[in-house]
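This structure is in structure tokens; I'll ask about it shortly.
For reference, chains read A, B, C, D and E in written order, and residue numbers begin at 1 within each chain.
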Amino acid sequence: MRIGVFVCRCGTNIANTVDTEAVANKALEYPDVTHATDYMYTCSEPGQQEIQQAIKEHALQGIVVAACSPRMHEATFRRAVEKAGLNRYMFEQANIREHCSWISSDIEANTRKAMDLVRMSVEKLRFNQPLFSSYVPINKRVLVIGGGVAGIQAALDCAEGGLDVVMVERESTIGGKMAKLDKTFPTIDCSSCILGPKMVDVAQNDNIHLYAYSEIDSVSGYIGNFKVGIRKKATYVDWDACTGCGLCTEKCPAKKCYDRFNEGLGTTTAINIPFPQAIPKKACIDADYCRYFTKGKCKVCQKLCPTSAIRFEMEDEIVTEEVGAIVVATGYDLFDDSVYGEYGGGHYPDVISAMQYERLLSAAGPTGGHIRRPSDGKAPKDIVWLSCIGSRDASVGRPYCSGICCMYIAKQATMTRDHLPDCNCYVSYMDIRAPGKNYDEFVRRAQEEYGVQYFRGRVGKIYPKGDRLIVQGADTLLGIQIEIEADLVVLATGIEPSDGARGLAEKLRISYDDYGFYMESHPKLRPVETNTAGVYLSGVCQGPKDIPASVGQGSAAAAKVQALFSRDTIETDPQVANVKEIACIGCGKCIDVCPFGAIQWKTLRDGSQKAQVLETVCQGCGLCNATCPPKAIQLQHCTDDQILAEVNALCG
Amino acid sequence: MKRLHLLSLQQTCDKDFIHRVEKESGQQVSKCYQCGNCSASCNYTYVYDYPVNQIMRLIQLGQKDVVLQARSVWLCANCQACSTRCPCNIDVARVMESLRIISVEEGMVSKKKIKLFYDEFLSSVKKHGRVFETGLIAAYNIKALKPFTDADLGARVLKKGKLELHPHNIKGRKDVAEIFNRFEAYSKNRDID
Amino acid sequence: MAKRIAYYPGCSCSGMAIEYDQSTRVLCDALGIELVEISDWNCCGSTPAHSYDPLLGAALAGRNLAIAEAQGFDVVMTPCPSCLRGLKNAVKVYEERKQDFLDLLQMPFSGRIRIISVLQLLYEDVGPETIKNRVQYPFTGKAIVPYYGCLLTRPPEFAQFDDPENPVSLDELLRAVGATVPDFAYKTECCGAAYGVTENDIVGKLTGRLLDMARRVGADAVGVACPLCQQNLDLRQSQVNRYWRTKFRMPILYITQVIGYALGIDSERLGTKKLFISPDALLRDICKHFEKVDESHLG
Amino acid sequence: MKSEAASTPEQELRIVGFLCNWCSYGGADTAGICRFKQPTDLRIIRIPCTGRMDPLFAVKALIYGADGVLVSGCHPKDCHYAVGNYYARRRMEVLKRFLPFIGIDTGRFRYSWVSASEGQLWQQVVKEFSEQIHRLGANPGLHEKIDVEASLFLF
Amino acid sequence: MGSKTEALAKQFEKVFDDLELVIGWETGFDSLHATPAFIRQPSALGRLIWNPFCSHNLSGYLTKTLNATAQEDAKKIGICVKGCDSRSVVALIQEKFISRERLYIAGIPCRGTVDLRRLMRLKPSLKDVNTVHIEGNELAVETARQTHRFPLQDVLLRKCLQCRYPNPVLYDELIGEPLTPRVTEGQAPPFVDKLEAHSLEQRRVFWERELDRCIRCYACRNACPLCVCQDNCILESRMPKWLSQRSGMSEKFFFHMIHAVHLAGRCTECGECERVCPMEIPVALMKEKLNQVVKELLDYEAGLNPETQPPLLTFDPSETGI
């Protein structure tokens, strides 16, 4: 190989503390180096031309530039050598600025070090190989996981742009948490009035295929070419036949079933449609309560159904969809407040969660929108809200702020004063977090116009006294203990990632934080991307946020998908792992450790099993290379021989 | 309770005191974000001059004199309600305990009678190996200048045959006394450090 | 079940709370558990030692543990929650400040000994089921509120027993002997015992609150597992009545007395005569009920 | 083989660094950009991830005369490839504990976690490790000829 | 032990219909040597022996000469294992080189096997052995003329002296009663301790002296049942070139480090590497130390549970202290 070495002076940045000329002269002693020189600004236009000229003049086959960090200008120089006809991977950059000239003023030592760094680059370059990208076509369909408002927004935006959308929702209806809300802050918009039309759009858009009551079973493939197994859970109702008439739900004799949609306030039937505006509006049997499944006979619904849609024999079914990108919008669950023994641990019927209270407020809820306490159905005279239940509490493993509770408390208290003007509303708070457009004004209004009584301090204990509850707290502004006799206590439970979020993350090979929120690729600059190419995040699955932020992220994820799909192919990075089949012993350790599922089995004609790298999935981390016992799998451009060459340049 | 009028955060902040409390208690006081759950849960808030959360705040601000002279420090019964409910996992009761220890070392005990009772208790233990309840209460009441407190109970206790008239001296009381002596020597050495 | 364990009565239980000691011993005997008193034990130092330095308390308590270890025991039981904390603190301090601790103690100590309360022994090692099967005089129809006091379950990392906010061990043991157990919101609230001598007013207020709540939930008696709580509620009930202008006459029984009585142990041996508020009427009722049943059985 | 006499503190020693591209290499860049002065003994090899780090690279360097080996990557949980450093920390710690068994001072090997923004931390790591290597002196290396008298009979 | 030998043959006879092959031991070229036996006919089962000379770990043959992975309709392979050997089998199953379904395992509780080199040093004239067995703490070797007795301490293989798993951890049939281990769990490997009692410098010199004899014959690697790379071993590979053919001390050191590091968290301490070393280098010692490190750090011992993943091939985000 004929190697050219260019030592950059970087003005005085390098030349002040490194004798660049000596480094260039020394480089001529290294094996294969046929040309070496120093230059004022190698990255400048004339600097690059100098390299290109030297390549032609000296018939150079590989280039080493000793300059700044490769994180700075590697791409620049690769383009430069490519223009001169070399493969862009026949280039190495020695970092003699950030790692050398800038961190010591000892010219002699720096010069020695720069010589070593150049030598290492030369030795490595001698093992470099030309590498070439390949191009793979993109399947322009997108999968949206989760049918809450964030997922709905992403799906509609993609469909609007003409993309085929597959939406998967775990529940039997889309709408998510927002569908359960009565009103939204700070505008007091009716939640179902603004979400309802969007849900209908999803149902009516020809580009969107909805799998409700379904979950992700498996994910394989890579950006542009994912293959997704979707488990359609058994509903025991043929949805093609079901018209959503609701006759079955009226006649079902199992009437004491847990009502998930109403958060356990009130009951529902074993066969049910969660709420009147459900999309799809189809019935679904809860096998845990259905008399036929629990006791062996009944089948009332089957006898009554006008379209004969009931299928007791139905089983889960797996269907496969192929897509090119995935938007994850799995949302959240609410913290389980029963860990707070001092608040009754879930034993007092009149200590309820905020979402339960939301259902009490809702006209479509179990009390028809009348605020009635669960124990005796009386209208409460005194209600206390406790904030930060499962938020900002390290002792229950939830040190983060859920971000929405301060606002929904203000909303609920305001609504309560509207519904029941005689009811006193008290709010225990630590800090009020209202950093949004018109948010703080809203909280002020609750106090100034609606007379909601806020007191600063956590509550220590709640205990019953007669048919009322004593709330024992502190007002830290006064430095005294306070007591409130209440009819109803509302716990403002915080947000946690939805049940199963970690399992899904592992299928998708995306990372999550300590709590299970999905990790974005960069907290500032890549907020909806993940480190798995082609998988995007939207909504609360990434971290607590309110409706406008979730909707914004849904649109952002859709925009990312559209940008990806505006191309027909994807260029792959050739710095990926590669298997030398003759040396592969088929132990599968690389397959076990690969964080991206980028390695699969390949059966040769003689029946032997070998590892095979999916170039488009491989991210080039090299974990397989370090793990492979016979080193049959090598990370291109960072092979064992290349690293060993650098080690050998220094030692031995 | 003395009302604080103006606090100069620079001039009165004793950083050594903060470190001392943290070292003694093994707790990081800066973790406290003043939610007030300790005060809400404490059965003694109503007799305190500064509720627990304010004690924590005063420690954060390095207000050594105010904290050590607070009645609250010695009225804390160590019932652990605060520690159990603290969302920041601070062992608040341990912090209060540390303040008692420091206030003894600094000679700034706010509730002298409680300290007196503790002293009498320990001297009883040092002398006999166990607490001689009758002698302890008698000695305390005399020294605290309230000889008739609980006098109503005395007669009833006597009637039930529960009042020991003589102390039980354990055989190893010398060993116990030695522990006290070694502790005193240890404390002195520690002060020098 | 541990058959032979070291027993640390503590100062309270050998003085004012002698009946707790008595009932603990006879109950364990009846349950086939041999209690061996730690020979020549000394005071654990309690709150006063702790307030000088946990190290002093630890060394005082440590002496007892070292003796128990030398006697070959791996479990120490104490009826008193304050002593329980003192003894457990010794192990904790030993782990945190080993050298200081050993310098002070000057005795060999391994720190491996298990320390439990009598409540824990009855609940975990014996179990409510076993007790239920041996009940002869059930407390049927009697409401006993369980009062744990502040120390038995708190703080949870230290106590390693039951739930800190809503403990159930005492509830279940009371239920095992047939008593009705009302919900008692003040289960773990502090009674102010530490200030029994020095600040009676505090005690009057806190104890009064407890008794008031017990009466509201219809209690016939309060079941306790702490000598200091018992003393406050029982001995000082007259002071409480003066402070609050009330007329409480609520018997305060040790759990060991309740179970012992239910198992058919003579009340004399359980020391119920030593209580200030006499439980005799309550106990007579149970006996009567039992005799009736017994007669019908015979007849 | 190195055969120099015992090193003086001023003498430059040979420290090989293996740094992951995303965090620690960036951290070293940041330290440079901030002009945080560091000892000059270290020579850095860029690898994509500490998961790429075969412990044998470190062994090779140490056996062939490096005076110290430093491996550094993203903080656990922050791996660019999600989990590479979780594997690495196990492998590195096993190696670190094994080295003294064959007569290599455990102080000659270190692994650390430094993010791209932690220039100051990087400076501190390099300073500390370089000082430590200088305290240990030059790697005594292996003897090509064995003095049987001086050797140890174990069995 | 005649009874066990017979029991072994009988057991295989019972199940031979399902087997295509039985791997065990038979008497070798003289009565002092046992050698691996590959038996394909039930009539030949009589050749099987079991005695303290049966030191070979036969599990290596499952991968190196046979392909004992799952195949439809394939008959099973019968194999005799001692406690240590069984751990190698477990490790190979764990790493999916063989499938449990293909194996019929006869497990033999073992009191230890003989280091012939030590025995012959003690009694160079020993020959014409009739029987050999272990009685208490002695090896009894009965020859035509007399019975020689040797303290076990002096004649067993080094690995047997510190054996913690005399009983097979995986088997279909146990031949004989389980034994109590000589060394209890948690006890540090005595030879590791012995070397660690010396200074860093002394340890290095110890290894220099030992490894100086290495002739790079690769017998240790070839004998190792877990050296699964076989012909593709990086000790000899030219691309990548980890190790040059130069025969200096550094190369010898690095050679053994590569072998050891590749076995970290995998070595089952069968001691084959050491037994076959013609230069009598205690090469297993390095792996014993690595095992100790892995046990301390990751609470893992190789070859005990076929379901687990070797610890360096997996991770735990929550682990602290490293």
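Note that a residue touches a chain if its C-beta (ideal position, glycine included) is under 8 Å from a C-beta of that chain, and two chains touch if they have at least 3 such contacts.
Keep in mind that this is a model prediction, so the values were computed, not measured.
> Can you list every chain in contact with both chain A and chain C?
Under the touch definition, chain A and chain C have B as mutual neighbours.
> If each step moves to a chain the current one touches, what is the fewest number of steps from chain C to chain E?
2
> Farthest from chain E in C-alpha centre terms, which chain would that be?
B
> Please tell me whether A-B or D-E has the greater number of C-beta pairs in contact.
D-E
> Of all the chains, which has the CA centre nearest the overall CA centre?
Chain A is the most central one.
> Per the centroid of Cα atoms for each chain, what is the distance between chain A and chain D, given in Å?
Chain centres of chain A and chain D, defined by C-alpha means, are spaced 36 Å apart.
> Just curious, how far off is chain C from chain B if you go by their C-alpha centres, in Å?
That gives a centre separation of 24 Å.
> Whole-Å distance, chain B centre to chain D centre, using C-alpha means?
Computed from C-alpha means, the inter-chain centre distance equals 52 Å.
> Do you know which chain D residues sit against two or more other chains?
60, 64, 77, 83, 87, 91 - these are the residues of chain D that touch more than one other chain.
> What positions in chain B touch 2 or more of the other chains?
If we look for residues of chain B contacting two or more partner chains, we find 81.
> Give the residues of chain A that touch two or more other chains, as numbers and ranges in rising order.
342, 461, 593, 627, 640, 644, 652
> Where do chains touch, given as pairs?
A-B, A-C, A-D, A-E, B-C, D-E
> Which of the residues in chain D come into contact with chain E in the complex?
Residues 1, 55-56, 59-60, 63-64, 76-77, 83, 86-87, 89-91, 93-95, 97-98, 100-105, 140, 142-144, 146, 148, 150-152, 154-155.
> Under the stated contact criterion, what part of chain B meets chain C in this complex?
Interface residues on chain B, with respect to chain C: 26, 43-44, 47, 75, 77-81, 83-84, 91, 93, 97, 100-101, 104, 111, 113-114, 117-119, 121-122, 125, 129-131, 133-134, 137, 140, 144, 149-150, 152-153, 156-157, 160-162, 164, 168, 170-173, 175-176, 178-180, 182-183, 186-187.
> Which residues of chain A touch chain E in the complex?
Result: residues 582-585, 587-589, 592-593, 627, 629-632, 634, 639-641, 644, 652 of chain A touch chain E.
> Within the complex, which stretch of chain A touches chain B?
342, 388, 392-396, 430, 456-461, 472-476, 479-481
> Quick one: in the complex, what on chain A touches chain C?
Of all residues in chain A, those touching chain C are 340-342, 345, 347, 461, 463-466, 470.
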